[in-house]
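Naming follows writing order (A, B, C, D and E), and every chain is counted from residue 1.
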Amino acid sequence: MPIQNLYLAIIALPLIGFFINALLGKKMSKNLVGILASLMVFVPFVIILSAFSDLVNGGEPIHFQLFNWFTVAHYSVDFGIQIDQLSVIMVMLITGVGFLIHVYSIAYMKEDENYSRYFSYLNLFIFFMLILVMSDNYLGMFIGWEGVGLASYLLIGFWFKNDEYNNAAKKAFIMNRVGDLGFLVGMFFLFYYTGSLEYSKVNEALQLGAMIPALAFATSILLFLGATGKSAQIPLFTWLPDAMAGPTPVSALIHAATMVTAGVYMVFRSNLLFSLAPQTLEIIAIVGAATALYAAAVGLAQNDIKKVLAYSTVSQLGLMFLALGVGAYSTALFHVLTHAFFKALLFLGSGSVIHAVGGDQDIRRMGGLKKYMPITFITFLIGSLAISGVPPFSGFFSKDEILAMAFQKNIALWAVGVGASMMTAFYMFRVVFLTFFGEFRGTEEQKNQLHESPALMNFPLIVLAILATLGGFIGIPHIFNAPHLLNEFLAPITIAVGVAPEHLSATTEYILIAIVIGGALISIGIAYVMYISKRNVPGKDASYTGVTKWANNKFYVDEFYDAIIVRPVQWTSDFLFKAVDKVLIDGVVNTTGRISLLTGDIVRSIQTGQTAFYILAMVLSVCFILGYFLIGIK
Amino acid sequence: MGTIIITTVLGLLGMVMDILNLRRAIVIISSLVLIGLSVFNVVSYWGINASFYSGMIVLDNFTVAFSSLLLLISGLLIFLSNQFFKREEEKISDYVALFVFALVGALLMISFGNLATLFIGIEILSVSLYVLAASNRKSLASNEAGMKYFLMGAFITGFLLLGITLIYGVTGSFDIYEIQNALVLGQSTPLVMIGVVLLVVAMLFKASVAPFHFWAPDVYTGSPTLVTAFMSTVAKVAAFGAMYKLFSIALISKIIEVEPLLVLFVIMTFFIANFSALKQTSVKRILAFSGVSHAGFLLLAIISSNFGSAGNLFYYAAAYAIANVIAFTVVIYVSHVKANDHLDSFKGLLYARPGLAIAMIISLFSLAGIPPLAGFVGKFLVLMATIKAQYTYVAIIAIITSIVSIYYYFKIIISMTHRVEDSTAFVRPPTVYTVITWIGVILLLVLGFVPKYFVGLF
Amino acid sequence: MNIEILSGVSIQHYLWLSAILFVIGVFGVLSRRNAIIIFMSVELMLNAVNLLLVAFSKMHADTSGQVFVFFSMSVAAAEVAVGLAILVMLFRNMKTVDIEVLSKIKE
Amino acid sequence: MGITEIIFYILAFVGIVSAIVTVTARNPIYSILSLVICFFTISSHYVLMNAQFLAMVNIIVYAGAIIVLFLFVVMMMNLNELPEMSKGLIWKLAAAVGAGGLLLVMVASLKVSNELVQAQPDNSVGMIHALGRVLMGEFIVPFIMTSILLNSAMIGAVLLTKRENKFQKHHI
Amino acid sequence: MIVLILLILPFIGAILSALAGNKAANKIALLSTVSTLLLTAKTYYDFTTGSTTSLDYSTQWLLEPNVTFSLTIDGLTMVMLILTNLLVPIIVLSGLGAVVQNSRAFYALILVMQGALNGVFMASDGFAFYVFWELALIPIYFIALLWGAENSRKVTLKFFIYTIAGSLFMLISFIILYMVTGDLRIENLTNLSITGIAQKIVFIGFFLAFAIKVPLIPFHTWQADTYTVAPTQGTMLLSGIMLKMGLYGFIRWMLPIMPFSVAEFTPIIMTLGVVGVIYGSWIAIQQNNIKRLFAYSSLAHVGLITAGIFSLNTMGLIGAVVQMFAHGVNVVGLFFAAEIIYRRTGTLDLNSLGGIRNVAPWFSTYFFILLLASVGLPLTNAFVGEFMLLFAVWQYNAILGIIAALTIIFAAIYLFRMFQRAMLGQTNTVTANFKDLTISEHLTFIPLVILVFVLGVYPMPIISLVEPVIKQIIQLASI
């Protein structure tokens, strides 16, 4: 079946790229490595475009099985590929943005000695990510799910000589594993109650009522736990800011555009299940809103350009989950797309900046860069506008849709969302103003080296800037009477929603839009006043006080986790080893031995060596025996 | 019967050869004759169930098998005496004669058909062993061992004699079959039981079953090692053979009443012997206590067969005796080159003399009951019979104390595995040591692998 | 009940007498330290038993009991010979016949 | 009370007393001498029971050989001049308890002896003629083996006591 | 007959390598193990193709008592044989790079061990099983004692006495079974009508033997010390194959024979298993000796397998077998990695290691792959088994299942911590001169890594081999 092989190639090519680069990369020229790796992502992109066009033109989703993974009793899991509307969008996103980031990396990583390893990891990541979105069952998704975790681990800890980076990588992996536990157990529920893990069969069974609401709640909450890990939601978000230890393109690809949105994908994929459990949705909405607000608040006081972006990512992911929580699955995906464009753009832009200043990431030591690197400046500005929700940039559309949906559900959620996006606008422009305006505040040495990035790096910036600008038009609010292309395309997947939500009245909608835009502009204005007009530059970390200090220190969540989880675990481990294992359990064993030896000492002391004693003992024994018989016989 | 005569003549011949100045040949001729005799014995007397000389000697398969075992083991041990008594060559014929006479006593003990034969057999064996135990005249330990053994042995002879007398008083005969008949018909009055008990006690003493075992560790420790080897193999096997014959024929109707006590003694033996051995530092003494603990198993083999079958007893005895021959051979070698048998003297043996050390390890494994060696099969059979006889708790005690026993057997093994700086003390052992140990090892393996040819013969 | 083996003397008498002599022998073995005396006590025990054997032999009107006494005597003789030899040797080495010195090997 | 009975009691009394003296006398010589007396009473019992040959042998073997041997050893080693070694009170008590216990159980057991049956008295029993027949007929094997026993004892005695001047290696 | 040859071949190899010189011993051992492997492959072929070759062997070993010596190969046995005979050549191969004193004895012992292990798995009557069970202990004891670390004597003695104590209780159980049936062949033991206290005694006897061997908490304290002092090949044998004996015993000799007691004790054993999972992993978190860390991790893994077995669920039992296989492969690989570190640096202390990845990329890669397999990453061999096991435990009791599933977090914590501290970061004086792998070391790792992926992606061969056996066992085990 050649057509299947073609789709198989989507997955296979990145894997092949991984193997070639991993095994032979050292011997190949750097350019070859980069080009090969990029091609291995680009070709799938082209293939998926054809699938996309098929689907757009009303073609059937592609679904086929490769082979049986395992079958035990009536439980069976196959390796299956499913390319439907949802997958196709995700694959396009992954391969498309992935390709751009590969290209960007060719230039960005030029100097690194482990160039080929880097690209092999990237390809590996793409491979797993594609498995994640193309599998036709949960276990397949889980393969990708864990696989991207692995790739993320490898890439965060790419510079493994630095132990801080390693810690960050380890933290990311372990936190993800906490989520994976939820995913795994959630799968058990699905497997047991629906008898399968294949999406279509699961949905079929769910529609037939395979799960009572309580079960659906348990299952969905467990799956959501998985999603919080991968998508950095409260309470499992702390790894993402630390994950910025990896090379910047990695942050763009994995920790902004693709991997972290896997949680959204998963919830979307399981929308039927989640719709069966309204309580879970409420929890998701609340968690999403809280995450959005919290991360935005932390973002206000960060001075590391990548950290700011990281927190903004967490915050945006929170918004996506807010959308999921209010049942607006396709809206969440819409934001995934736009976010991928502008956040990848921002990260790559920041990478460009970091590249220019020689690796420094602190915005307090930047400034005035717009004249040195205009392309970066413009694209970064576009990204910032998009994330701030300024029309007509893409972020506006998706964010507006989310907020409208939230408003419909619960005004408090909406308010939180608005608050978060206002903060977002503020801190993004704080970054823009501090980085690109004013005078350069770094060292002379750095100043002399400031330069615009090479074309290979600018090309992705430009492409992404275009996407960030125009991407929003695939989902135009209904009040403008244009078709919402995305929603229509995704309609077959969102079986769960059943009845489309009622649209808000036009007036309300206009008011909401106005508030969002107004809020964004106000925030930008404040930032302008603070950082351009007053030329404020944030001081040293130590100088912070009050709320700012708390925000700068991420409200001490890491410390909190350290105190209530990490330390107790370590302490308990020591205790178990030293007290329970060595003293108690082994002590019992050793004491048995010692008691035996002691008994030996006592017993052998009756061997006194004195003949008279021996004879006496024998005589007494004989007396005893005879006495026994006398008593027994009479 | 021919076997006993030939053995007796062999002993006398040895003394004659001494006169004829053929000392060097005595040892070799004696042991070869004995080993040959063990084969001859089986070939010519197997399947004969008969009594000789007015029932003084009773031959059956059981007797033949035990005789051959005793002959074989004695043959192997006497082989060593050439080396062992090297410094006293002029007395070698005396030693060998004493060994052979002791063997005659042992043979009488298991072929008796009359208590007189048993009594004389026991005394021949004992008297020879008293002398042999004390035979290292300059060693205080040997003196002490000989004296202790003699005192207690003579004392127990009184009990034995009293027991025989009382049985005679009740039954009017010394013939085991007549006693059997008389006792089956008679009641278990105190007079009968006191006779039975005293006989049993005397046999338990010879077999070193607790609480009549006290002599064994001390005497084994003090005696010259070759004598210890002889005592712990030939004497013990003979004692158990005699005990079985006595219990299963003469006392069969009354021994059932002693059975609870015997079980108690078995348990005591396991407990005392195994725990006492734990902290010993002399290898000989460890083996002495091990011998006592195996006496428990041997007695258990007799009890668990309901005094009706000696298959397990023979198998166990053979496994035990052969393993002991190997172990003592190595101990003799080591105490020869190191002048003592302390555990520390064994350090480095594995690296210096791997052949001997491996044989020793195998024999200790067999004693510890680790498959697939004969010792394991023996324990397996005995435990099986024990549980079949509804003595599950005894089996469990046996198992638990066996676990304890592993500790002291392994103390020896571990000692041998120490690496030492200077292993020159371990001079090349005479070939005969190596040959004997490996003959033993092969026997152990054969017994272990194809037990079906040795178990259930009678 | 009373089996008279002699006129007026029953087997019971001899049982008692032998028992008493035997136990005196046992007591001697237990209570003395001098090896010679212990030997003699053992001889006493053996003789007590011999007496009983003869009495039984008389009772059963059976010669074999008396024959057994022969064996018993020769055993006693042999034991004494060996025992005294050991004793002499011990005495040469230790200059004593106190059996309490024989407790070097213990535990 | 017949004459036999009276003789029995006298002999028994003398025997027991001399036995007690044997095991309690301080001086070994006294012990030996009283042991001789004891043996004589036993021999007398044998005569009483019509076992004249045995009585004779008893005197020859015990009084004649064994006791002389004892005496010889005691004299040779001057054992009677050795400082008295006496056991502690506790030991003596223990010995008494042990022996007493044994006596108790034996007496208790021997008290009832109704299972003993008397055969038709036969005066030839104990006569040398009958004895010889049985000894050389039925009991020939143990009889011959007794020679081995004595042989062993002989070798043993020689082996152990023969003095030699040569250096001897210690065996362990 | 092929069964008998398969049994004897390693012993012949042992004799040959004992007779060979110290230099040639390892080659002869390798040759022997490889030929055993080939024969196993042939047996596998016969087995799967249903060829008429008889896979049974039986002979009367004793007439009275009626004891036979029987060997049989069925699906479960086949899997265990493949595991054993696949890993032993690798273990032998792993020693090629190291200098072993008295290597002929060393390799002879390894081969004896292999023979005994094959015997344990093939035995189809209680006596043969017991004999091989004990026999397997001896070579490993000596390997650990003679080629182990300085303080090996005490530790190995404890190990030996501990394990043999367990097996002796099993002997009692077998004897009691014999009293009931008059026979020890497994097919006659399964439909027993023994109940009540007798079944409990039998059960406890078996349980002690297996639980100590596995080891199941709280019978595990011999394990970490023994693993640490034993030479690495010994540790590989111990952890890779030998502890599977206990698990195999659970499946083969406990479930079908004592269904009532199993049902009665299942809650306890399941709890012990799951507690073991948490306990082992938890302790592993703070361990600084690599081997000790692996030992505790092994404790966790086998706890899970035990729990899976006693869930009495097809999924659980098959998962257990799959996981046994996977664990064998992974743990051998991990210990080999530890061995390489030890060979080159002379230490296994995490505090003094670090930065090895800078200097030994190949080694790091293999190590990392095996580590991932041990963590249970999907597409590696351990994942499928772990998934099935957790699923089965979860089916038995959801709470236990969730607790057991914590292992996926813990495993990541301790293994990644270990990897980071040993392999990542800057090199130091200890690790600066760390040489990357030699050819023979490559050859050792490669098959393991291949197995990791092959079984991860396609575990069906194992599953289809054991499924009929497992179904039968479950049928017998369900009351």
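As a working rule, a contact is a pair of C-beta atoms (placed from the backbone, for glycine too) under 8 Å apart; a residue touches a chain by one contact, two chains touch by 3 or more.
These figures come from a predicted structure and were not determined experimentally.
Enquirer: Check every other chain and keep only those touching both chain D and chain E; list them.
Expert: A, B
Enquirer: Could you run down the chains that neighbour chain A and chain D together?
Expert: Chains in contact with chain A as well as chain D: B, C.
Enquirer: Name the chain whose C-alpha centroid is most distant from the C-alpha centroid of chain B.
Expert: A
Enquirer: Taking each chain's centre as the average of its Cα atoms, which chain lies closest to the overall Cα centroid?
Expert: Central by C-alpha mean position: chain E.
Enquirer: Once every inter-chain C-beta contact is counted, which two chains account for the most?
Expert: Result of the pairwise contact count: C-D comes out on top.
Enquirer: With chain centres defined as mean CA positions, report which chain is farthest from chain E.
Expert: So the farthest one, by centre of C-alpha atoms, is D.
Enquirer: With centres defined as the mean C-alpha position, give me the chain B-chain E separation in Å.
Expert: 42
Enquirer: Return the distance between the CA-based centres of chain A and chain E, expressed in whole Å.
Expert: Comparing mean C-alpha positions, chain E is 37 Å from chain A.
Enquirer: I'd like the Å distance between the centres of chain A and chain B, where a centre is the mean of that chain's Cα atoms.
Expert: 78
Enquirer: With centres defined as the mean C-alpha position, give me the chain B-chain D separation in Å.
Expert: Once rounded, the distance between the two centres reads 30 Å.
Enquirer: Could you list the positions in chain E whose residues touch two or more of the other chains?
Expert: Correct list: 161.
Enquirer: Give the residues of chain A that touch two or more other chains, as numbers and ranges in rising order.
Expert: 593, 604, 607, 609, 611-612, 615-616, 619, 622, 626, 629-630
Enquirer: Provide the list of chain C residues touching at least two other chains, using ranges where the numbers run on.
Expert: Counting only residues that touch two or more other chains, chain C contributes 11, 22, 25-26, 29-30, 33, 39, 50, 59-60, 62, 64, 67, 71, 75, 78-79, 82, 85-87, 89, 99-100, 102, 104-107.
Enquirer: Any two chains that touch count here, so list every such pair.
Expert: A-B, A-C, A-D, A-E, B-C, B-D, B-E, C-D
Enquirer: Residues of chain C touching chain A in their complex?
Expert: Interface residues on chain C, with respect to chain A: 26, 29-30, 33, 99-100, 102-107.
Enquirer: Which residues of chain C touch chain B in their complex?
Expert: Those in contact with chain B are residues 11, 22, 25-26, 29, 35, 38-39, 42, 45-46, 48-50, 52-53, 56, 59-60, 62, 64-65, 67-68, 71-72, 75, 78-79, 82-83, 85-87, 89-90, 93-94, 99, 102, 104-107.
Enquirer: Could you pull out which chain D residues touch chain B in their complex?
Expert: Spelled out, the residues of chain D in touch with chain B are 105-106, 108-117, 119, 137-142, 145-146, 148-149, 151-153, 155-160, 168-172.
Enquirer: In the complex of these two chains, what residues of chain A are touching chain C?
Expert: Chain A reaches chain C through residues 604-605, 607-612, 615-616, 619.
Enquirer: Which residues of chain B touch chain C in the complex?
Expert: Chain B reaches chain C through residues 116, 119-120, 123, 127, 130-131, 134, 137-138, 140-141, 143-148, 150-151, 154-155, 157-158, 161-162, 164-166, 168-169, 172-174, 217-218, 221-222, 276.
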